[in-house]
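Presented below are the structures under discussion, each in the form of structure tokens.
Each of the next two complexes has chain A plus one other chain: chain B in the first, chain C in the second.
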Partner chain A sequence: MRGDDSVAGRVAALMRDSMFVDPPDDTTDIVASGLIDSMGFMRLFALLEDEFGIEVRSADLRLDHFRTIERIAGFVRDKRAARQPAGDHAAT
Partner chain B sequence: MSWGDRGGRGRLELLVSAQAERDPGARAVVDGAAECGYGELENRANRLARALVDQGVGPGDRVCLMVPKSVSAIVAVLGVLKSGACYVPMDTASPARRLGRVLRRCGPCWVVADPGVSGLVAGCLDEAGPSSVRGVLWLGPVPEDFTAPAAVRPPVVPVGLDDGPAEPPPVRGDAGDLAYIMFTSGSTGEPKGVPVTHASVRHFTSWANTRFGLGPGDRVSGHAPLHFDISVWDVFGALTSGARLYLVPPHANLLPSLTADFLRRTGLTQWFSVPSVLVQMARRDVVAYGDFPDLRRLIWVGEVFPAAAVRYWMERLPHVELTNVYGPTETTIASSHHTLTSVPGPGAPPVPIGRAIPGERLAVLGADLAPLAPGVVGDLHIAGAGLSPGYWRDPAATAAAFREAPGGERWYRTGDLAAMDAEGVFHFHGRADRQVKARGHRVELDEIAVALGRVRGLSAGAVVAVSGDGFEGTEICAAYVPVPGGGRGPAELRAELAGTLPPYMVPTRWLVLDSMPMTPNGKTDHRAIEHRFLDATRRPSGHGSPDADRRPAGPGSADRCADTRGSLEREVGA
Partner chain C sequence: MTSYRITAYEPRHRDEVTRFQELLWGGGPRGNGDYLDWKYRRNPYLDHRYVTLAWAGAELAGMVGAFGAMWEVGGARVMLPCLADTVVAPAHRGGPLFGRMLDDLVDRLRGDGVPWLLDFGDQPAGPAMLMQGWRAIGPWPTASAPPTLSQTLADSPTLAVSQTPTASQTPTASQAPAVLWGVRSGLRIRAAGADGLGAMAALATGLPSQAGIRHVRDLEYLTWRNQNPLARYFHLVAEPPGTEPEPPGHGPERDGIGPEPPVTGRGRAGAAGARAPAGYLVAHRPGPAQDGAPTTIVECEATGDDVWTDLLAAALSVLPGPSIDMWARDIGDARRAALPSLGFRLDEPTGRLTRDGHLPNLLVRPTGAPILSPALTGLDVPSAWDLRAVCGRSWR
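Our next item is the complex of A and B:
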């Protein structure tokens, strides 16, 4: 189990508290299960950018990055890791 | 031999048949890997039409389509018209409870269904109750998992589209018959049916095909779902001109990058879409300079397209002509048009809705149906060849919206506010009522309010719409007061509403209140609730709550909107 302060826990909280969708677990396919649609993705990107201080660029827009909470968390960690060498500190 | 000689002059399916006769091998519909030529399309539609006629379907009847957008769905549309009946496109993403109400309103009717949605069909039949549905025709074998509800046992017929006699049934009906009934959101909580004749569709498609130069070399998008009337021009614009219709698969809509990939891969020459899609693509900057080299025309309808996003598209695609068309379902696809001739500068006013297409009229009229002076904002009315005969089985709503002027002309009151300028060009100024456009769909907020009112655990609820600068589009927002001790959370309520409303009508922002704001005369104060949501939107990120009395249901969604819009402004160079 993840802790709620983990990246996955924060992604799940964002979805629950700000998008009002609550996937049953971190590996549920939120696209196939119809929990998220195109407008939901737009909102999710804005929330992720604000929460984690990352930028979702056009090259990042691949469904495979966003199919599950687990993958979204992985995407966020990769984006933040990529920022570190530039000395740009993401929000905790 | 001319198709006109066989009777039924001007019926849409005959114009498609004429293209099949001209070049049966030409590709007609492309859906991912699946393709269908004009000749094959014609044969399959004939087989379905014969099956429908065998069941007793004919002119004046209604056939509800429960077929996700696909080659089969286009076959179903044509097959129904060939039987003489009209088609009623059903949104297979909507819950059975809502679709069942549509079946009931159309009853007695027939259903043409795709075996892939057998569970939904069973649910709809149950909801519709006995005697609404006279028969279910499956496009393929009857699904093994399909069981009609015990109380409703209509005849069930499998239809093989790929073999059997393909001779067309005799032409029945004429161009004055209904081609379809589209059900839109209704303020009473019941979906409202808008019937449209072959002649009205033909009027628009022949103007539009000429104006935009559609022909056999064209590759045309089929972007909108079939229950959205802009699909009517996609389908009949393409198939009556010999062009190729490319159905946009649902997954291509999920991310703006996938929509752009689809456009590149298909080499579309014409794309008819809605601003909510175009704005997302601009917002995430997925269009390169000179992208989509085959694209000639980009046409949008249904919503205001913010000038900054228009500028993004025009700068990236200087080889593409951009046209705004405007008009409600009640006047058939669109009734006015405006083609942009220059890139709007910063602070430019919204793109006009333009001038009426020939054979239709737009006018800003006062209460007595007398025209208002140019420049004065008032109720926009439409008359002419696109007018629906009136709402399906709803004389009161028809009498309220379709009125006869002293000269005998019928006018449809759109509910939109507009003004005509000195050059005779019309400009949109919002709505006079509680109808909004959300994600390209027309939504009556009161239909959502009725659904919210049926949810248990609330002592009061209200639904409003909030739009910021237009880039995020209109958001549907719900505020509610829980019953004491019955605290149900927004996620739970949202999931429950998704069982009764189509996805685009489910509120995306929520607010829990201690008491519902009321006007002095005791009605829900919608304006005050809008302000609560707007205040939350304007607040800087990460602080405060939209509701000082109580924990906000969604501080993040509300607060973060401000940032989102700011970054879009930067991205589109505003």
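Our next item is the complex of A and C:
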């Protein structure tokens, strides 16, 4: 069982607390189940960016990246690992 | 869970679609019907065959349209359909209906051998579409400026040309056509009517093409677009003095638009020897009357940067609306650099999906149909597209 401080735990908390979406587990297909619609995904991307300091770009939008909490957590970990060194900031 | 039936549009659905599209078009029964006919029956490239409807029982629950647009690439022309007029009834939103209609449309396109489906629209479902296999060509910058409107020119009905000019839009002897002069180019800039479309098309088709696929803007297209019953189009042309008889009086002096230049000794063209313009500009305002909506410059073509800049300056001087907007992709470095001097503010993409959603984009979807022409491969790559003078608002 994952800890709440894990990336997956934080993603689940974001969805539950900010989007009122509560998948039963980390492997539930949130796309097929319709738990999140198109506008919901934009909200999710913004939450992920704010929570984890990553940037979601068009090229990142592959369905498999966001199908489950588990995969979203993997996406976040990969983005953080590839993030620019501290001191480089995205254009505002 | 609601059970939906997806069908292709048939003419017998016209009245129902006309009523349904009040959700988006807002033109009333007659206006919506005229718009439907214009876009899908009188479209010179494609009829209504790919308009897709979703039914919940006998109730129309959703629609996606696909209208025809002509493109040229590698010396050949090809029709590629553009997604448009997508609506899901409020009671059916938040579910799979949009995706199901799209899937049905793509299946039919694939079956008919159409390799690509384009989308220039502002789709709320953009992220979902990207996750379902659509590819993004943009987003790209926009430019926006407040108009520097002259009371005299704004009142001139000759600046607005519709497909059915009314008596109030027909210039009378007392209504001098708006005439301005470009201080950079020295050319006369005036409002043009539908009779100027041929010359505009000649200029557009004669301009050299950047690499890639570009939109065909010939007389057939310009004529059809000008007949949009739910929009107003404004046409400005830049031409040398002497192209037409001088109108009585001259336009007022404006920043970037000056008084009549001194006579240079150039000969005047005879009345029968009409010249192609050196540039033209087309602007769009949505209808029915939406006073708060911006005016969008949907095309600006010119033989030189000075002419192009003067046309934009003229547009700011004469066009109505709270702001004058334009898409700013593929316009070249010199023209892009000129925009701030005219008062345009550029809104640039950041690269972040959550911040660029308001910017224009082109999404393309491969249908899975075999691509028989090499020129049509790789259209999912941004560098494949010359999107100068393309604007999704052209067709709204």
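Operating definition for what follows: the second predicted complex is superposed on the first by the 83 of 92 C-alpha atoms of A that agree within 3 Å, B and C clash if a C-alpha of one lies under 4 Å from a C-alpha of the other, contacts with A are read in each partner's own complex, and residues count from 1 in each chain.
One rule holds in what follows: contacts are C-beta pairs under 8 Å (C-beta built on N, C-alpha and C of every residue); 3 or more make two chains touch, one makes a residue touch a chain.
Predicted model only: the values in this text are computed from it and were never measured.
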Query: Now for A:61: first (chain B), second (chain C), both, or neither, which partner does it touch?
result: both
If we overlay the two complexes on their shared chain A, which of chain B and chain C does A:38 touch? Say first, second, both or neither. both
Q. In the superposed arrangement, does A:22 touch chain B (first), chain C (second), both or neither?
A. first
Check: chain A residues flagged as touching chain B and also chain C 31, 34, 37-39, 41-42, 45-46, 49, 56-58, 61-63
The answer for chain A against chain C in the complex is residues 31, 34, 37-39, 41-42, 45-46, 49, 55-58, 60-63, 66, 90-92
Residue positions on chain A within touch of chain B in the complex are 14, 16-22, 31, 34, 37-39, 41-43, 45-47, 49-51, 56-58, 61-63
In the complex, the residues of chain B that touch chain A are 251, 253-258, 276-277, 280, 283-286, 439, 472-473, 490-491, 494-495, 503, 508, 510, 541-542, 553-557, 560-561, 563-564, 567
Contacts from chain C onto chain A in the complex sit at residues 94-96, 98, 124-132, 136, 348, 350-354, 357
